[in-house]
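Next come two complexes built around chain A: one with chain B, the other with chain C.
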Partner chain A sequence: MEQNNPTPGNGLKPPELSGVIGFFDAPDLLISATRKAREAKYRDFDAYTPYPVHGLEAAQGIKRSPIPYVTFLAGITGCAAAFALQYWTSAVDWPLNVGGKPFNSWPAFVPVMFELTILFGGLSTFAALLFFCRLPNARKRNFDPRLTSDRFALMIEAPLHGEDPEEAEEILKAGGFQKFSEEEAKGFLKSVGAKEVRTVYAEGWF
Partner chain B sequence: MENGHTREIKNPGPFEIPAQLRTLLMFFVAVGGAVFLGGLWFDARRTWFSFIHNHFFFLSLGLGGLFFAALQWLTGAMWSAPVRRISESFTAYLPVAILSFVILYFGIHHLYIWSHPEQVKGDLILEGKAGYLSVGFFMVRNLIALGLWLFFAHKMVGSSLAQDRDGNFSYTAKNRILAPIFMILFAISYTMASFDQLMSLDPHWFSTIFGVYCFSGLFYANLASTCVLAVYLKRKGALEGIVNENHLHDLGKFMFAFTVFWAYIGFSQFMLIWYANLPEETGYFLHRFHSSWIYISFFLLLGKFLVPFFALLPRDAKRNEGRLLGVGIFMLFAQWVDILWLVQPEYSASGPVIGVIELGIPLGFLGVFGLVVARFLGKHNIVAIRDPKLVESVLHHHQ
Partner chain C sequence: MSSEATASVPFLKVPREESLVTGGKTFADVDQDISIHLERFPTWRWWMCFVAALSAFGLGAVLVGIMFARGLGVLGLNQPNGWGVFIVNFVFWVGIGHAGTLISAILFLFRQKWRTGINRSAEAMTIFAVMTALIFPVIHTGRPWYAIFWLIPYPNQRELWVNFRSPLLWDVFAVGTYFTISLVFWYVGMIPDLATVRDRAKNKIRKFIYTILSLGWRGSNKAWSHYEIAYMVFAGLSTPLVLSVHSVVSFDFAVANLPGWHTTIFPPYFVAGAIFSGFAMVVTLLVIAREMFGLKNYITLAHLEKMNKIIMATGMMVGYAYACEFFIAWYSGNTFERYAFVNRAFGPYWWAYWIMASCNVLIPQIYWFKKARTSIPIMFVVSLFVNIGMWFERFVITVTSLHRDFLPSSWAYYVPTWFDWGITLGSFGWFMIWFLLFCRILPVIAMAEIKGVMKPAGTHGHHPEPTRHQEVYAHGTK
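Showing the complex of A and B:
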């Protein structure tokens, strides 16, 4: 499996270390390992599973997603836009007498207001999901083909990647997170029960 | 999750309500009974209108308890296992509902103009409906419906209670067969009951969606009452280690969804009638919009839909038992006002009438409902302790 990673010293630019990854056979092992990684104050780590695992976000300490606020605002916008469109077309721009009803007949507008609330809310949620998950990303590679079938992985990433080094150094000194070392992180993953541990080199995103 | 699969859930056993609360409920029954009898002497017609209002409200609460439980067996739901018994406890009211329907027999002439042959004669619409709207047929078919509901409650809740003793899976299997049969019969019979008991108060008017409208209120009120009772029992410490905020979150999502469902059905009924503008249909809404009933109509839009909608919209609100308790009680109040809005304009077209009769009679019904539910909870485990889904449900949410 090691051949997946570019070997340093092959004449090309030496690949950048991006982290170490450990593989697990069961979701509950992954959850407890993830919890320990958080307790050990690793700054950047991520879990990979073939299907959604209940309780993993809590173990990772992931904060609530901002997506609901996007949905809410988009829904309100859709509702207002639908009313504005119908009001303008039927009462301002081209008033028509329909069955003797007032031009601004709000009950007739409600179904469209409902539909556009859903449409705006749904499409914006999808767009926000892509944005916050930084998708689509065709370059991001699969660390192991079995991650989409029966393996679970925890990756501890080398931090200070693309960040202000001075600021990062200060947080590090204050004990905000653990300094990353390849050997130490590998040892940690083995100690929390990883079946297999590998080093991951930068490629695409990493 | 560690060692989770072997974990035993401690049986909370039955729940005895505090003596003070029992005394209060008995006091309510006495007040309600006195107001009912006094009201019959003082203003019989008005009293009967209040009686059928509260009869239907509490009948729907009791039947809603069976509907919710049947829904869980039908779908094989896992999340609801710790709260299903709470909903089952409401079915203890169904025998009382039969009694109150029998009492209603004596008010038929005060409530339904179709029961007066001299008023039907010469009225083409009522003459056409006379075959269906006759006192004998009315009593028989509604008693059959009530008997059917009681039969299913006896069978299905009985199986659920029997499973507490030996944990035999065959009880669940039996309920899975009965639940879909009940669902089909429930849809037809509850539609019939709402047409007969409420819609025929104005026998010239008709709306084919009326049964669905009443059903949306039934489920709305059932979810609110299940949630309120679950939070009450939880606060009393009776559901320790069984019901947590994740189960309440699921109930809160259901409450939120059926707030929207009620608004959707209510608006569907209104919009079609408003759009078509046919004289035999619009009168119903004219009564409710062109008098001080308009305030109650606005209250329903605001209080039955918008307030619970926004109060339950944030995730944290659905996980907060205090918020759920407050919203649940408010939703029950809104449902009570909704039935008032369905019933009372036929008594008082100019606007709502709220007096000793309208406040005393619901207290009496509330007292009876509270006492029979308390008796159920005092006799049986408040959690279906040997339900095959219970361990999974409790652990799933603890993970």
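Showing the complex of A and C:
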């Protein structure tokens, strides 16, 4: 693997530890391992799967995505913007008599209001998806080429780099979470049945 | 969940769903079978199709160039036939697109898992069909470099705004939104698969291109949880959108005070017709594609049979609309309306009307027989007939309503010239160029979705997700 080379770094800076990743062959093994990671009070961990595995969200304790609220607000904005544009151009800026209809002939404005509701809603859903997934980030490399094919993985993450280690420890303690240690995480992943365990170092933006 | 479970519950004979992927494939096989076409040089059959498509497009492009130079007089348009083959093509191509959105959005909301085998290619077809449709109203203006500016409300030197009370402007917004949202929906659905292609890539240039396209997708479960909600939201937005698009297209006709056009049945009638023609086009394309790309284990006869059922159902809806129009024409007591419809079926364009009626209503009736629904040659021929019939439906609606005006002195017969036909052929070439490139550059089947609904070979006792029927069994045997 050229990416996630175990001894990266350019010789000037020591490589930064990102976490420890364990690989599984089947989704049901991953689900139970993920549940155990949650029970073991790790704060930062994530599962990696080639397709959305049902039941994994519950095992990992992920909250429902807030994307629908973004869509709703953007949809309302689109609808209002469409009415404002049509009202202002047809009744205020240049009132034009078309077939004796009132200047503010709102029923005729409904189709465009509907279309812009969908347009704003859809585009902002896409933007929200990218925002919440921290994408696009073309410098992100996959941990293993088979993770998008037929392998499943669980990663126990080290505290974010840039975080003050002492402060991070305080926060973990306050939340009742486990402190991260490379050796301990490796042992944990092996104990929950990972076939292969690797250490991952930060690359690019990670 | 096994066959013994069924036997032990005699009153619970829910038919087991047939496997969506045949041939005992593993997850790795899925990636291999679908990505391999992106990773090797095209076959000679692909090149032949591509050259044919390029030539057809080239012919259309030359004719459009001559039309711009000499004016719209080269077309068959006359008074009172101000709309002809171009508008017919516009409605035809927009309609083709509807099946893609129906499969990707509506079948998703109804939890129809068989859609996963065909949604990617059907959505691609939607996008390319809308791209083809958009050409026609623009070149119909004769001066498209101005038309772009007439269509969009922006502060211009004339200080004039577009007329928001016109259905033609609603169309700009409806089709524009439809194209944008379909493209985004399609792309979002493709991100995980693009990541698969990226991770398989050995070639540096390919790796770079798919790294950019896949945006850095890793398949993290936190990302999947957002992704699945976003996908559902897109499906929820696209469903009313697709129904609105052909409704708005039908307003182009229905809002005009012309007998034959001015009817309230138009929006649902147009939407049913659009889905009908779109499914026929999907069948035409997939019958060829599954053969050419060896995808018979993913696009199975069961998939095609389900599509043929939808073709028959929507065909009968369209047939009902034809009958209903005649009934209302008679029942309204309006002389002009009655004349328009009698003239449609028995006037100078009787041949077009009966081509439409037989292709759209009569021929799909063969699908009452399972043998016909599951026969590749029959479904291929029927899908071609439906495409022809639906093209003629739009021809009948547009031309028969226009050609006999209120004043008999202004009546005229409309005959398309070879410019009309050549540009129409060119539009098929343009569509096929995109579709053929799609088959070579992007994964034609949603690999990540397929994996979610299949039971891979070699896994024992693992069900990625129990199907609804399996849950019934599990519940019933408790």
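Going forward, the second predicted complex is superposed on the first by the 183 of 206 C-alpha atoms of A that agree within 3 Å, B and C clash if a C-alpha of one lies under 4 Å from a C-alpha of the other, contacts with A are read in each partner's own complex, and residues count from 1 in each chain.
Definition applied: a contact is a pair of C-beta atoms (placed from the backbone, for glycine too) under 8 Å apart; a residue touches a chain by one contact, two chains touch by 3 or more.
All values reported here derive from a predicted model rather than from experimental measurement.
Contacts of A:21 after superposition on the shared chain: neither chain B nor chain C is touched. In the superposition on chain A, A:108 contacts both chain B and chain C.
Of the two partner chains placed around the shared chain by superposition, chain B and chain C are both touched by A:54. Of the two partner chains placed around the shared chain by superposition, chain B is the only one that A:31 touches, whereas chain C remains out of contact. When chain B and chain C are set side by side, the one touching more residues of chain A is C. Applying the stated contact rule after C-alpha superposition, one finds that A:94 touches chain C and leaves chain B untouched. In the overlay built on the shared chain, the residue A:118 is in contact with chain C alone; chain B does not reach it. Looking at the shared chain after the overlay, A:64 reaches both chain B and chain C.
Applying the stated contact rule after C-alpha superposition, one finds that A:200 touches neither chain B nor chain C.
On chain A, the surface touched by chain B in one complex and the surface touched by chain C in the other have residues 28, 54, 64, 68, 99, 108, 111 in common.
Taken together, the chain C residues at the contact with chain A in this complex read 26-28, 31, 153, 159-165, 167, 169-170, 173-174, 176-177, 180-181, 184-185, 188, 192, 195-196, 198-200, 211-212, 215-230, 233-234, 237-238, 240-241, 244, 248, 251, 448-449, 451-452, 456, 459, 462, 464-465. Chain A meets chain C in the complex at residues 26-28, 34, 46-54, 56-57, 60, 62, 64-65, 67-68, 71, 85-86, 89-90, 93-94, 96, 98-99, 101, 105, 108-109, 111-112, 114-116, 118-119, 121-123, 125-126, 128-130, 132-133, 135-140, 142-143, 145-150. Interface residues of chain B, counted against chain A in their complex, comprise 1-2, 267, 270-271, 274-275, 277, 313, 315, 396, 399. Taken in their complex, chain A has these residues touching chain B: 28, 31, 54-55, 64, 68, 72, 99, 107-108, 110-111.
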